[in-house]
Amino acid sequence: MSNEQPEQARASMEFEVPFHDTDPLGIVWHGHYLKYFEIARTKLLRSWGLDARDVMGMGFRVVVAETRCRHAFPLHYGDRFRVDVWLVDFHYRLLLAYEVWNLTHNRRSARGRTSLVCTDLNGELRLATPEPFLDKMRAASVI
Amino acid sequence: MSNEQPEQARASMEFEVPFHDTDPLGIVWHGHYLKYFEIARTKLLRSWGLDARDVMGMGFRVVVAETRCRHAFPLHYGDRFRVDVWLVDFHYRLLLAYEVWNLTHNRRSARGRTSLVCTDLNGELRLATPEPFLDKMRAASVI
Amino acid sequence: MSNEQPEQARASMEFEVPFHDTDPLGIVWHGHYLKYFEIARTKLLRSWGLDARDVMGMGFRVVVAETRCRHAFPLHYGDRFRVDVWLVDFHYRLLLAYEVWNLTHNRRSARGRTSLVCTDLNGELRLATPEPFLDKMRAASVI
Amino acid sequence: MSNEQPEQARASMEFEVPFHDTDPLGIVWHGHYLKYFEIARTKLLRSWGLDARDVMGMGFRVVVAETRCRHAFPLHYGDRFRVDVWLVDFHYRLLLAYEVWNLTHNRRSARGRTSLVCTDLNGELRLATPEPFLDKMRAASVI
């Protein structure tokens, strides 16, 4: 994790692995990590006033343009884990990074990134992060 | 299966169990059957002109009021299976029944039911199946 | 809810609706309720020493034989909700009942049931709840 | 797509967007693309004799080490789409690339990559693709 950012640019959440997220190897199926990312990201964006609903009210939609996830250690049924999310860049898109920490085994489980872009309500892509978004982030002392 | 109904009141689909639907026991997690039901139901309703989109265009929404599923034999990773869906009743709600047949093991895997009700676009519940729905079903020789 | 049971025969959990569980109608897709049921059920069974892992260690597997869910009021993105689960019967199978309460709208969202049966590790069905299960439930003052 | 590879190094599958994969924006939630990738990948690996089951029988497990997905155009409810998957590299890990084509709108929907690594049945990581894997791929004229 980069350490230069204000606390408001980060969020953390703790989870427990549910049975229905585990596969025949007894570990979380890789695609479910994107759900955990989303739940942590929602917490972060909401704290800035940029939850999906806020954004709709502002006349925009936020869509996922790119995701990455690198797996280092599995999450097993019942394991406790923490997802940290933080802002990496906000100029042309909101770039968020994640770290998943398996608390039960005290090992880093995964790292990831999501790139979010804005469209207006007709789906027209905005090439830069809209000014009202930046205003919200400034008001929240994120940038 | 009841046999008194016209062929138009039924549909069948074949599937193969994907890895991501299987749990640590190596079998399909029970909740995923509702997805298979939905895919088969979509095929059936679409053949009557009552797909989710058609229904929206008619000024209604169809929502699931009740589901049941009874499991008899598991579906394992890679198993081929067939879902049959057919209309049971249409007066106050659309009642559909399902049978899931494990083709790889030649065993009945599950039976289920879904009860669908109609609302208008404001979410106001219709206590009987709307006349335009019945018209579509008559035109398709379902009822 | 029946009221004759000891507190140990019940459990409750609170959740918030994540974006990825909502459908084009902006509400939780009906099949996801079975996940919420499972998470609450896991909490209850674990409090009795009958979590999936405990059960494997005892030489058994617990499989879902039947599910039902009746929907009364939707869960929207961001809504807070509570799932209550309680034991209804334990003689031939574990029968659990659920109530989902939409806390944001103060409305009952759904009711459900799950019937669980036991098999030995070879998959052979037990026609009655195994004695070691009953012992655990007695030790936990559930029955 | 690179064009230097033998046909055996590629596979394609066609799908239709089911209702339960779509979100409040009416489009496929981004995380579901990893399911589509997996289904296409399974077809490809199976054609080489390297399906999850084959691999277990050979004394190995294949785990996902990294995923990427870049979204260009949405998939809406009911859209037909095709997933192409092909082998990019096989030395230290199996690197597969994907292209998702929205057939209904004749637009490229997404591109992705998955990196797979092998472990033995105890979970010990193999730093190079095991020789029996390469043998299978040679026998299938993939490499």
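Remarks
Letters A, B, C and D mark the chains in the order given here, with residues in each chain numbered from 1 onward.
Criterion: contacts are C-beta pairs under 8 Å (C-beta built on N, C-alpha and C of every residue); 3 or more make two chains touch, one makes a residue touch a chain.
For clarity, every value in this text was computed on a predicted model and none was experimentally measured.
Counting C-beta pairs in contact, the pair that comes out ahead of the other among A-B and A-D is A-D. Seen from the Cα centre of subunit B, the chain whose own Cα centre is farthest off is A. Once the centre of each chain is set as its mean CA position, subunit A and subunit B turn out to be 35 Å apart. Centroids of subunit A and subunit D (each the mean of its C-alpha atoms) stand 24 Å apart. Contact of a single residue of subunit D with at least two other chains is seen at positions 19-20, 24-25, 31, 35, 38, 52, 77. Taken in their complex, subunit D has these residues touching subunit A: 24-25, 30-32, 34-35, 38, 52, 61, 63-71, 74. Residues 18-20, 35, 38-39, 42, 51-53, 77-78 of subunit C touch subunit A in their complex. Remark: subunit C residues 19-20, 22-26, 29, 31, 77 touch subunit D in the complex.
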